[in-house]
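Both of the next two complexes hold chain A, though its partner changes from chain B to chain C.
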Partner chain A sequence: MEQLKFIGKRLLYLVVMLLGVATLVFILTKMIPGDPTVANLSQRALNDPEIVAAYRAKHGLDEPVIVQYFIYIKNLLHFDLGTSIRTNKPVLDELSRCYPATIELALFAIVIAAVLGILFGIISAIRRNSILDQIVRAISVTGVSIPSFWFALLVLFFFYYKLKIFPGPGRLSNSFAAPATVTGMYVIDSLIEGNIPKALDALSHLVLPGTVLAAFTMGLITRTTRSNLLDVMSTDYIRTAKAKGLGKLGLILRHALGNALIPVLTVIGLGLGNLLGGMVLVETIFNWPGVGQFAYESVLSTDFPSIIGVALLIALNYMVINTVVDILYGLIDPRVRCN
Partner chain B sequence: MKKKLLAMTLCLAMAFSCVACGGSKESGDAAATTGAAEATGETAADASGSNTVVVAMGGGFSTLDPGYVYEKYPPVVVTACYENLFKFYTNDGAPEPCLADTYEFSEDGLTLTVKLKDGVTFASGNKMTSADVAFSINHCKNLQGNPSFMTETIESIETPDESTVVFHLTQADSAILSKLTYSALAVLDSAVVKENGGTDAADAATADTAQAYLDTTSAGSGMYIMTSYIPDDEIILEKNPNYWGEGTNVDKYIIKIQPDANTQMMTLSMGDVDVALNMTDDTIAELESVENVEILNAATKTVGFVMMNMNETYGGPVSNPKVQQAIRKAIDYAGVQMICGQGTLTPYDIIQVGFMGSKGERKTDYTNVEEAKKLLAEAGYPNGFDIDLTVTDLDMEGILLTDLAQKLKDDLAQIGINANIVAQPWAAGYGDAYRDGTLGFTVMYWGIDYNDPNVQLEFLPGAVVGLRAGWTAEMNPELAAMYQETMNATDNDARIAILEKIQDAMYEDGPFVMIAQAPAHIGYNTRLDGVAISDPYALDLTLINVK
Partner chain C sequence: MLNSVKKLFKSNYLFTFGVMICLAWIIAAILAPVIAPYDPIVQDLSLRLKPPSAQHWFGTDNFGRDIFSRVIYGGRYSLLAGCLTVVIAGFIGTFYGAIAGYVGGWVDNVMMRISEMILSFPSLILAMIINAVMGSNLFNTMFALVIVAWPTYARLMRSVVLSVKENEYVTASEALGASKVRILMKEIIPNSISSVLIMATTDIGNQILMFSTLSFLGLGSAPPTPEWGMMVSDGVDYFNKFWVAGFPGLAIFTMAVGANFIGDGLRDLLDPKLRKQF
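What follows is the complex of A and B.
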C-alpha cells in the first residue's frame, strides 16, 4: 500500500512537472529570436505572400501566442505533441522513430560505464596510491575530460578504419535489412525475428559509439565509487569486521560496497538521463538516427513543436530515472525504505 | 584477488571481441556479415549479392514526397524513382525530352504543347497519361511548398487527349523546359497518389495527405522503386520490374545518410560505400592513397557573392558606385579560391560557368589594390572608412560564410576599409533583413533553384535579389528590361546574346560581386561507371553501371 501511494504521488508529480516543463519551454522558445517560416521556407517561397500565409496557417503560426499556447496544452492533454514544422509529421511519431535508437545506444553505454566504472573504482580503492590506482585514475580523468566528438573520430579512425576490428557507422551492416519494428531496438527486434546473426551484427555496431558515450559516465562512476568506498572502508563497522578476521574481498563485497553504491546509483541515473537526451555529435559521426540528431535539426529549423517534444522527453527521462533510482535506494539500503 | 580482477577484465575484453567479430552464415536471403569489412572480407560490392551499390550522402531533408522536395539531396532519390517531361542527361547540356516525345512553343511563347511518349508505365503497371502530368504539376503548385514557385508562369494545363499536354503560360518563359526537369515537377502515378490521400485541388496545401505514403514508397515511372526510407539513416531503392525503358545493371541502391565527411571518407576507403558525395579538401587528400577510389572535383553552380546596398540609408559608403568598383578590384579572387578548395571557379559575373550564355571566368589578374585605392580616393574616401559586414550562420556547400567574410575583411583592410564583422543567425533576423533589403554590406550565397541561367536574372535591378540590394528597376532601366527580354527569348542564340550583354554590363558595375563558384568533391569506387557531378540532381543514379 505504501509503495502504491509512493508511485501514485510520483505520477501526479510527473504530470505537474511535465506541464511546467511544457509551459517553460513554450515560453522560452517563443522568446528567443527566430522565425520558423524564415527557417523552413526557401528564399523564393518567402517572396510569395500566399505561400507564406498558407505555411503560417498550416502550422498555427498565424494565431496569437497565447492562443497557440492553449491549443498546445489542450493537445498535450490528449497526448498530441503537435505536428513537426520541419517534417510535417506528428512529433510523437518522430520521437517514436528516433527514441528507440537512442535508448538502445544509451543502455549499452550505461552498462559498459557502470560495469567498468564500478570495477575500476573498486580496484582503485583497494590499491590506493599504487601504480594501478594511478592508472585507473588517469583513465577516469581522461574519460571525463576527453571531448566526445574527438574521441568518436579517434575510435572510428583506429578501430574501424586502421585496425579493422569493429564495424563502421550505422546500426547494421549493408547486407542486413532493418528488422521489423517491435521495440525499435535492432538487437531485440532481430532476436524477436529469430535472426541471431543480425542481432550480433546490430550489437557489434553498438560497441564503438557505446564506448565513446560510456567514457564520460565511466570516469564519473570510477571516481565516485573510489571515494565512497574509501570513506566506507574507514568506518567503525568495517574495522570491526576486519578485526573479526574477514577477508578483504568479502569485506568489500559483503559489507562496504552496498553502502558505497548509493551515491554511485545517483551518478548512473544522471548518466543514463544524460545519454537518453541524445548526443548530437556522436550520433552524427556514427550515423546514428537518434534523438540528438532530431533535436539538432529541429533547433536549426526553429521547429517549436519538436523542440518542446524533445524537452518533454528529456524531462520525462530524468523523472522516471529518478523514481527508479529512489526505489533502488530502498532495495540497497533498508533505512531509506523505512523512511 | 589480482588474478580474479585480471580474469574479469579479460572476460570483458573477450566479450567485446566476440561481439565485434561475431556473425556467422545466415540462412535466408542475405549473406551473413559483420560491419567490419576485415572480419568477413565483405564490402559494399558483395554486401547483398549481385549489383548493389551503396551511396553515402548528407542529410538535412525530411521528406521524399516530390511535391515538397527542394533541398540538395532528395533529387538523388526522386530522379531514380520518378521521371519528368524533360531531363538533363549531362550537367552542362540543355534539357532533353524524357517522358515528352516532342514539344512545340507557340509563336508568342505563351503556349507549350508537349506530346508524350507512348508505352510509358508506372511501377504500379498503370499507363502514364496526360492526366498524370496535369495532376503532378497542379499538385506541386497547390501544395504551396518550397518548390511551388517553379509553376508560377504556368497559368493552366489542358489535356486534349491522353498523350497531349498543353501548358498555357502567364508570360513567355524561356526556362520552362528547365523548370519541368525539376524533381518537384516529376510525373506521379495520379491514381496511386489519389488512393493514398493525394489531391491536386486548390486546397491541396491543407487537404493533401499523401506525404506519409510517399515517404514510404515511390509512385513514379522511374528505373527504381523506393522500398524503404528511414529518415536520417537509410533509403533503399530496388529495380522497377515494370520499367518501360532500358535500365542500367545496378539492381539495388542502398543510400546511407552520413552527414560527416570524415565518416564518408572512411566508409568509402573501407569499401563499405561505393560513392561518397560529400568529400572535402581534407578527405580528398586522405583518399589519394586509397586503391580503387577515384575523385571528381568540379565547380557547382552555387555561387558566393558580396552584396553592397545601393540604398545609402543601409549601404552608407558602399552604395557609392566608385566604392563598389574599388571593392571589386580589392578582392583577392585567387585567395578566395584557395579557401573554397580545389575545383573552385570565379565566374565572369552573375552567370555561372557551365550555364548556357556564361562568359566563363573573371580574369585572374583582375585584382589591383593600387587601382582600388585610387577608386576609393575618387569616391571621396582616400583614407578608407569603417563599415559593418553582416554575415550569417550558413555555409555554401560546406564553406562557412564567416570564413569568406573574414577573407573579405582582410582584403578590404589592404585599401583602408575597416570591415567590422557582425554575425547574425539566419532565422533570427538575418533572413528577414536580407529579404527586406535592409542589409548594408554582406557576404551571401545563391544556390540555383533550377538548372537554367534564367535563375540568375534575379540579380538584375528590380528583380528579387536586386531589390535586396536596394537596386530598383528605375536605377538602371536598360538592364532591368533585359529580364523580360531573356524570358521571352525561347530561341537559344537570342538568349545567349542577351545573357552576354547582361554580364558585360555588370562586370564592373552594380551592387554584386560574384566571388566564387563552390566546388563539389565526389569519391567513388572504380568498379562503377557513369558517376558524375550533377547540378540538378547531385548524382544521377540512372546513369551508373557496375563495370
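What follows is the complex of A and C.
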C-alpha cells in the first residue's frame, strides 16, 4: 500500500511537470516575433486564405491568449502537434518515424557507458591513488570534457577513413536493404527477419556514434561509482566483513557494490535522458535519421511546429525516465520511500 | 586556505596541470595580437588548405587563413562567453535560490517548480530554440546559455541556504532586529556561496563546450569571427584535411579539460567528506 502511494505520488508529479513543460513551450511560441501563421504555415498554405482562416480558427488566434492556451492544451491531449512546414507531414508521424532510430542508438550508448563506467569506477576505487586510478580519472575527465562534435570527427577520421575498421555514417551499408519495420530498430528487425549478416552490419554502424555518445555519461558513471564505492568501503559492515577475512575482490563484489550502485542508477537514468538531448550533434554528423537530426534540420529551416514537437518529446522522455528511476529507487532502497 | 591551496598544488598533479593549461589560454587570449603571427580574418586564397608547416604551424583553412592565429584569437570568444555566462547565471541563480530557500513556504515551492520546468528541458535543444526565436548572434547565444544554466545554481544555492539559515548566528541576527534583506545579504549569502563558487569553476568548461557546440551548429557568432566551434564545423567539409577541424577542436578540449581539473581539485579541497579520502 505504501509503495502504491509512493508510485501514485510520483506519477501525479509527472503529470504536473508535463503540464509545466507544455506551458513553457507555449510561452516560447508566443515569443516568436511576427504573425504566428507565417511562423507555422508553409508559403503555399499562406497563399490560400481558406487554410490561413482554418488555422487561425483551429488555434483560436483571434481569441485572448488564455483561450489560445486551453486550445493548445486540448490539441496536445489529442496528440495533435500540427504539421511540419518543411516536410508538410504531421509532426507526430515524423517523430514516430525518427524515434526508433534514436532509441536504438541511445540504448546502445547507455549500455557501453554503464558497463565501462562501473568497471572503471571499481578499478579506480580498488587501486585508489595508484597510477591506474590517476589514468582512469584522466579518462573520465576526458570523457566529460571532449566536445562531442570533435570527438565524432576524430573517430570517423581514424576508424573509418584511415583504418577502415568500422563503417561510416548511416544505419546500414548500401549492400543491405532496410529491414521490414517491426520495432524500427534495425538490429532487432534484422534478427526478426533472420538475417544475421544484416543485424551485424547494423550493429557495427552503431559502434562509432554509440561510443561518441557514451563518452560523457561514461565519465559521470565512473566518478559516481568511484566515490560511492569509497564511501561504502568505510562503513562498519564492510569492516566486519573484512575482519571475517574476506578478500578484497569478494568484499567489493558481494557486499559493497550493491549499495554503492544505487546512486549510480540515478546517474544512468539521467544519462539516458541527456543522451536523448545530446543526439542533435551525433546524429547530424553520423547522418543518423533520428530525432536529433530532425531537430537540427527543423531549427535550420525555422520549422516551429516540428521544433516544439521535438522539445515536448525529449522533455517527456526525460521526465518519464526520471520518474521510473525514482520509483525503482524507492523499490530498491526503502529509506527513500519513507522520506 | 592559502596553505591548503599550496598542498593541493603539490599533491594533486591534475589540478596543477589544469591551472597551467587555463593560465596559458588566458595569457594567449590577452596577448593574441602579439602572439598570433598573421591576421585571423584576412584571406589569401593562394594559400588555401595548406598542411601544417614552419610558416603556418597549424596549417591554413579553406580561405587561406592561418589556423594558429585564428585559434589564438578564438580563445577570446570562448573564454569570454564561458566566464560571462557562468558569472551572470551564477549571480541570478545565487539570488534566486537564496530567496527561495530563505523565504520558504509557497514562495519556495513556486520558484523551484519554475526552475525545474527549465531544467526538464534538454539544455541544448532549449538553447537552440531560444536562438532560433531570437536570431543567432554572440549576444543571443550567451543569453540562451544563461537561461539554460541559472536553474542549476538556484537549486544548489537553495539546498545550501536551507541548512545555513538554521544556524545560530542567523537566529541571533533576527533577534537583534535585522531586516530580512540584511540577513540575506550579510549572513546567508556569504556563508553559502562557497559551493556555488566551486560549481562555477567546473561549469566554465561546460559552458565553453556548450558555446562551441552552438557555434558548431551555426547558431553562434557570424563568420568570419575566429570562433573555435565554428572553425571545427568549417573542417567537416574538408574531412581529409585533419588540421582544419583538428586544432580548433583540440583547443576547446584542452580548455575544457583544464577547467574540469581545476574544478575537481577545488571540490576535493573544500568538500570535507572527500578531503579525508584524498
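By our rule, the second predicted complex is superposed on the first by the 272 of 339 C-alpha atoms of A that agree within 3 Å, B and C clash if a C-alpha of one lies under 4 Å from a C-alpha of the other, contacts with A are read in each partner's own complex, and residues count from 1 in each chain.
Definition applied: a residue touches a chain if its C-beta (ideal position, glycine included) is under 8 Å from a C-beta of that chain, and two chains touch if they have at least 3 such contacts.
Treat the numbers as computed from the prediction; the structure is a model and nothing was measured.
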item: First (chain B), second (chain C), both or neither touched by A:230; value: second
item: Contacts of A:315 with chain B and chain C, given as first, second, both or neither; value: second
item: Touching partner for A:73 - first (chain B), second (chain C), both, neither; value: neither
item: Touched partner set for A:11, first chain B, second chain C, both or neither; value: neither
item: Partner chain in contact with A:24 - chain B first, chain C second, else both or neither; value: second
item: Partner chain(s) touched by A:302 [first = chain B, second = chain C, both, neither]; value: both
item: Touched partner set for A:128, first chain B, second chain C, both or neither; value: second
item: Contacts of A:146 with chain B and chain C, given as first, second, both or neither; value: second
item: Partner chain in contact with A:182 - chain B first, chain C second, else both or neither; value: neither
item: Between chain B and chain C, more extensive residue contact with chain A; value: B
item: Overlap of chain C and chain B interfaces on chain A (superposed complexes); value: 32-33, 153, 156-157, 161, 284-285, 302
item: Complex interface listing, chain B residues touching chain A; value: 1, 4-5, 8-9, 12, 16-17, 19-26, 28, 30-39, 42, 44, 47-48, 52, 54, 59-60, 62-63, 68, 70, 144-149, 152, 205-206, 211-212, 215, 228, 230-234, 236, 254, 256-260, 262-263, 266-267, 269-270, 272, 425-429, 431-432, 435, 449, 464
item: In the complex with chain B, residue positions of chain A that touch it; value: 32-36, 38-39, 41-48, 50-51, 54-55, 57-58, 84, 86-89, 97-98, 115-116, 119, 123, 126, 153, 156-157, 160-161, 164-178, 195, 197-198, 200-201, 203-207, 248-249, 284-287, 289, 293-294, 297, 301-302
item: Residues of chain C defined as touching chain A within the complex; value: 13-14, 113, 116-118, 120-126, 128-133, 205, 209, 212-213, 216-219, 229, 232-233, 235-236, 239-240, 242, 245-246, 249-250, 252-253, 256-257, 259-261, 264, 273-274, 277-278
item: In the complex with chain C, residue positions of chain A that touch it; value: 16-17, 20-21, 23-24, 28, 31-33, 128-129, 134, 137-138, 141-142, 144-150, 153-154, 156-157, 161, 227, 230-231, 273-274, 276-278, 280-281, 284-285, 295-296, 299-300, 302, 307, 310-311, 314-315, 318-319, 322
